[in-house]
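Shared between the two complexes below is subunit A, which has subunit B as its partner in the first and subunit C in the second.
Moving on, here comes the complex of A and B:
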C-alpha cells in the first residue's frame, strides 16, 4: 500500500515534450483517474510511475521511498495494459502464475494465491483457457486477476476497457471500483473517456499537452472547471460556449455579444468591463422558451437526439456555433424552427478567452 | 451477373496457373518412369505405357532388369548423385540451424530495441538483400582460393548463409514488430531481457521462426549458382550441381528426371506436413 508522489516529472522524446513539469500526489488507497485526449501524455506518465520508462528529470516517491531508479518489479506495481494484454501462448492460469514466478513462494502457496485471485474476479472456471479463447471481458478479468495476485503497492491500468463494447465497459468499471475499494489499494486508471473518469475516480487529473490541467473530485471537475479545456472535455452532452465581452449595464456587469446579453450572477458584482470572455453553460441548465426576452439567445433548431428519458436539442446560434439543451422527452420541434433559450446566470461560468482560465469572481 | 463473370475469370486464371506449374512437373515425373525409347517416341506419350522405376535404381548406380528381360545399366553419375544428396542435406540442415540461431535474436533486436546507428545497420541488411547473389560470387571465389575453401562444404555453407541470413532477417523483423508490447508485461513480472526473449518471445513467435527455418532450408536446398561454381566435381558437390552433370553426358533424360523427382521430395514433405501451419503462418498478424 502506498502513497505516490510525482515531483516535477518531465519526459522528453527527442523534440517532443510528452510530459512536462508534472506534480501530483496520489493518496494511499485512492483511485485516481488520468483523463485527457489522445497523445496528451497519459500513458507516458503511467509508464514512468510503473518504472517502464525512465523520466528525463524529476522524481517519483512511493510512501517515503524514492523509487525513480527502481525497476517495475522492485516498485511492486501491477499493471493492466491497453486491451488487457496477456501472454498469448500461456493459459490463463500460467499467465496469473507468471506474476508470482519471482516471488519465491512454494508451489502450493502459488496455486492457492492464483485460485484466490481468480475467484475474486470470478474467472476460476476459465483458468485452463488460452487468452485467444477468452472474450474481451474475460480477458480483462484474467488480467485483473494477474494484477491482484501480486498484492502490489499499486494498480496501474492503462485504458483496459478501451476495446470493449459499451455494456461490458459499464459492468467492468463498477467491478473494478468495487475491487479497488475492497482491497483498498492505490489505483491509477488512465482513460480518454470522460464518463469512465467521472464514474470511477475518487479524483480526476485532467491532462493536456503533457501537463496537468486540473485535478479534483469528479464534482469539482464537473462543476468548477478551472479552464475552458476542462469545461469542454468533461460533461455529456458537451458544454455550451458563448464568446463576448463584459460591459457595465445599469451598474451591473453584463455579458454582451452580437445576439445576446446576460446579466451576470451577483457573485460577479464587482467585475470591471473587459473584452474577450467566454461564457459557459451546461446543456442541462438551458431552458427553451418561445419568446425572446431579457437574457435569451435566439436559436435555430438543427437536430433533436432522443435519449429515452430526455432529449438533447441541438441548435445553431446566430454566429453559427452549436448550442445544446437538455429537454424533456416529449419535446417536439421542427428542424429550422426558431426558438429562444435562457438560463439562470448563477449556473454560468466565465472564462478569459485568451488565457482560457476562469475569471475570478 | 457481374459476379458470375468474375468467378469464371478467377477459375480460368487459377487453372492456367496450375497448368503452368504442374505440367512441367508432371512431364518430369513421367520421364522418370519411362524408358529411353518411350521418351524418344513421337508423338510424345501422355502417360508412361509401362511405368517402371529403372531410373531410380540407375541413378544410385544399380543395374535394373526390365520385365522384358532387358537390363538397364546404372548411371556413371551415380557417385555424384549420392554424394550430392548427402551434401545437400548436410548443407541445408546446417544452414537452417545457423540461420535460425542467428536470425531470430538479430531480427528481434532490430524490431524491438532502440540502439545507435539502427537505421544505418538496417539499411545494410536491406542492401545485402537487394544485391544479386552472382555479384558477390567473384570476390568470394578469389577469397576462397586463398583460404582454400573452394570445393568444401564449409565454403558453400558460409556463402549460402550470406544470402539466407539477410533475407530471413528482413522477413522476421516485420513479424517481431507486430508482436504486442509483451516486454512491458514481462518487466512488470520482474523478468530479465534474456529470460523474456528465451522463455516468452521465442515460444510466442514459434510460427514465425518455423517459417524462417523453412525458407532457409528451401533456399539452401535449391541453391545452384554458388554450388555450380564452387563445388561441382569435388567431393563437396550438392544435388543441384550433381544433377546438372547429366546435361553434359550422353543424353539420359530419365536419369535427370529421376534425380529431379528426388530433389523435389523434401520441399514436398515440408509442404505436406506443415500445410496447416503454413496456412496459419500469418506473418503480419503473429498472435491471434
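Moving on, here comes the complex of A and C:
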C-alpha cells in the first residue's frame, strides 16, 4: 500500500505536450478518479504512474521511495486496461497466474492465491474458460482478480468499464469501490464518464489538455467548480451558461445581458462593474414561471425529455443558446411555447469568460 | 435473374475451362498409367492393368527420390518459417525512414522459381560461390561447394525458402498488426521474460497463418520442379533427384510414359495425404482457437 506523489510530471511526444506540469498527491488507500475528455492525457499519466512510459521530466514517488526509474514490476502496481484486456489464448486461471509468474511463490501457494482472488470477485467457477468464452462483465472480474492476486501497492484502472453496457457498468463500479474499500489499497481510476467519476471517487482530478484543471471531492467539483470547463464537464443534465456583463444597479452588482438581468447574491456585494462574464446555473435550480418579471429569462420550448421521476425541459434563450431545466414529471409544454425561467441567485456561479476562472466573491 | 442463375452464368464458363485444362489431362494420365506406351515402330499402347503401379513400388529409385522429396519439403517448411518470422519481426520494428524496406523485402518472392534456381546455382558453386567467399573472410583458402552430394538438398531448401519467405513475412506482419499493443503493456506489468512475451503475446495470433503457410509450402515444395531443374538437374549424381525430377526423367528422358503416370499418381496421393494429415492434426485445432 502506498501514497503516490507526482512531482512536476511532464510528457512530450514530439511536438505534443501530452502531460504538462502535473503535481498530484494521492493518499494511501484513496480512490482517485482522473476525469477528462478524450486525448487530455489521462492514459499517458496512468502509464507513467505504472512505469510503462518514462516521463520527459518530473518524478514519481511511492510512499517514501522515488520510483521514476523503476519497472512496473518493481513498483508492484497492478493494472486493468480498457475492455479488461487478458491474454486471449490463456484460460482465466492461467491469466491470473501470470501476475505471479515472477513472485517466486510455490505452486501450491500460487494456486491458493489464485483461488482466493477469484473467490473475492466471484469468478471461481469460470477459471477454466478462455477469455473469448466470457461475457464482458465476467472478463472484467477476471481482470480484477488478476490485479488483486499480487496484493499490489496500488491499482491502476484505465477505463475498464468503457466497453460495457450501462446496467453492467453500474453493478461493476459499485463492486470495484466496495473491493477497493475492503482491501484498502490505493486506486487510480481513469474515465471520461463524469457519472462514473462522481459515483466512485474519494476525490476527482479533472484533466484538460495535459494539465490538472481541478482536484477535489465529488461534492467540491460539483458545487464549487473553479473553471468553466469543470462546470460544463461535470453534472447531468449539463450546466446552463449565460454570457453578459456586471453592472451596478441601485448600488447592487447585477448581471446584465440583452434579454435578462439578475441581481447577484449578497456574497458578491462588493463586486465592481466588469464586462465579459459567464453566469452558470445547474438545471436543477431553474424554476419555470409563466410571467416575465424581475430576474427571469424568456425561453422558447425546444424539447422535453422524460426521465420518469422527473423531466428535463430544453429551451432556446433569445440569443440561441440552449437552456435546460429539471421540472416535475407531469410538466407539460408544447414545442415553441413561450415560457420564463428564474433561479435563486445564491445558486449561480460567476466566471470570467476570457480566463474561464471563477470570479472571486 | 436469381442469384443462382447469376452464379451459374459467371461460373459455368470457368468450370468448362477447368474441366478442359485439368480434368482432361488428369483423365488421360490415369488412362496412360494403366498402359504401356511405346514409340518404337509407331505409337502403340497396351493395357497392362496395375503393372505400372507395382513396378513403381518395386523400384528402389522411387523410394530414394520420395525420401529426398520429403527431406526437401520438411527443410523448406522449417527454413521458410524461421526466415519469414525473422523478416516479419524486423519489418514490424522498422521506424521512420526505414519503413520503405518493407516494400523492398517482397522482391525475392517476385523472382520466378526458374530464376531463383539459376541464381542459387551461381551462388552455390565451389570456385565463385558464397560458401567460399564466406570462409575466405576468415582467411581460409579452401573452396566450399554448396552443391555437393551431402548438403545439396539443404542448400536447395534454403533457396526455396528465400523465394517463399517474404510472402509469409507479409502475412505474418499483417497478423502482428492486429495484436493490441496494450498486451505488451500487460506483459510488462507481469514482467514476463522476452521468450514468454513472444510465446504468449506475439505468437498466438500468428498460429493460423503458420498453419496455412505450412500447407501451402508443403504442397509447393513437393511439386517443385523448375527451380530444382535449373539449379542442380537432380545432381550431383542423383543426390537431388526428388520425385518430380525422377518423374521428368522417366517420362521424358526414358519415355516410359505409363510408369511415369503411375508414379505421378503416387506423388498426388502423397500431397493429398500430407495436407489432410496437417488439417486433421493441426488445422482443426487452430480453427477452433481462431
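Heads up, the rule we're going with is that the second predicted complex is superposed on the first by the 361 of 361 C-alpha atoms of A that agree within 3 Å, B and C clash if a C-alpha of one lies under 4 Å from a C-alpha of the other, contacts with A are read in each partner's own complex, and residues count from 1 in each chain.
The working rule: contacts are C-beta pairs under 8 Å (C-beta built on N, C-alpha and C of every residue); 3 or more make two chains touch, one makes a residue touch a chain.
Predicted model only: the values in this text are computed from it and were never measured.
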Combined model on subunit A where subunit B meets subunit C, clash or fit: clash
Which superposed partner A:13 touches (first subunit B, second subunit C, both, neither): neither
Touched partner set for A:99, first subunit B, second subunit C, both or neither: both
Partner chain in contact with A:77 - subunit B first, subunit C second, else both or neither: both
Those residues of subunit A which subunit B touches in one complex and subunit C touches in the other: 47, 50-52, 71-73, 77-79, 81, 85-89, 98-99, 101-102
Subunit B residues within the subunit A interface of the complex: 180-182, 184-185, 187-191, 200, 203-204, 206, 287-288
Residue numbers on subunit A that touch subunit B, as the complex places them: 47, 50-52, 71-73, 77-79, 81, 85-89, 98-99, 101-102, 132
Contact set on subunit A toward subunit C in their complex: 47, 50-52, 71-73, 77-79, 81-82, 85-90, 98-99, 101-102
Interface residues, subunit C side, partner subunit A - complex: 180, 182-183, 185-186, 188-192, 196, 200-201, 204, 289
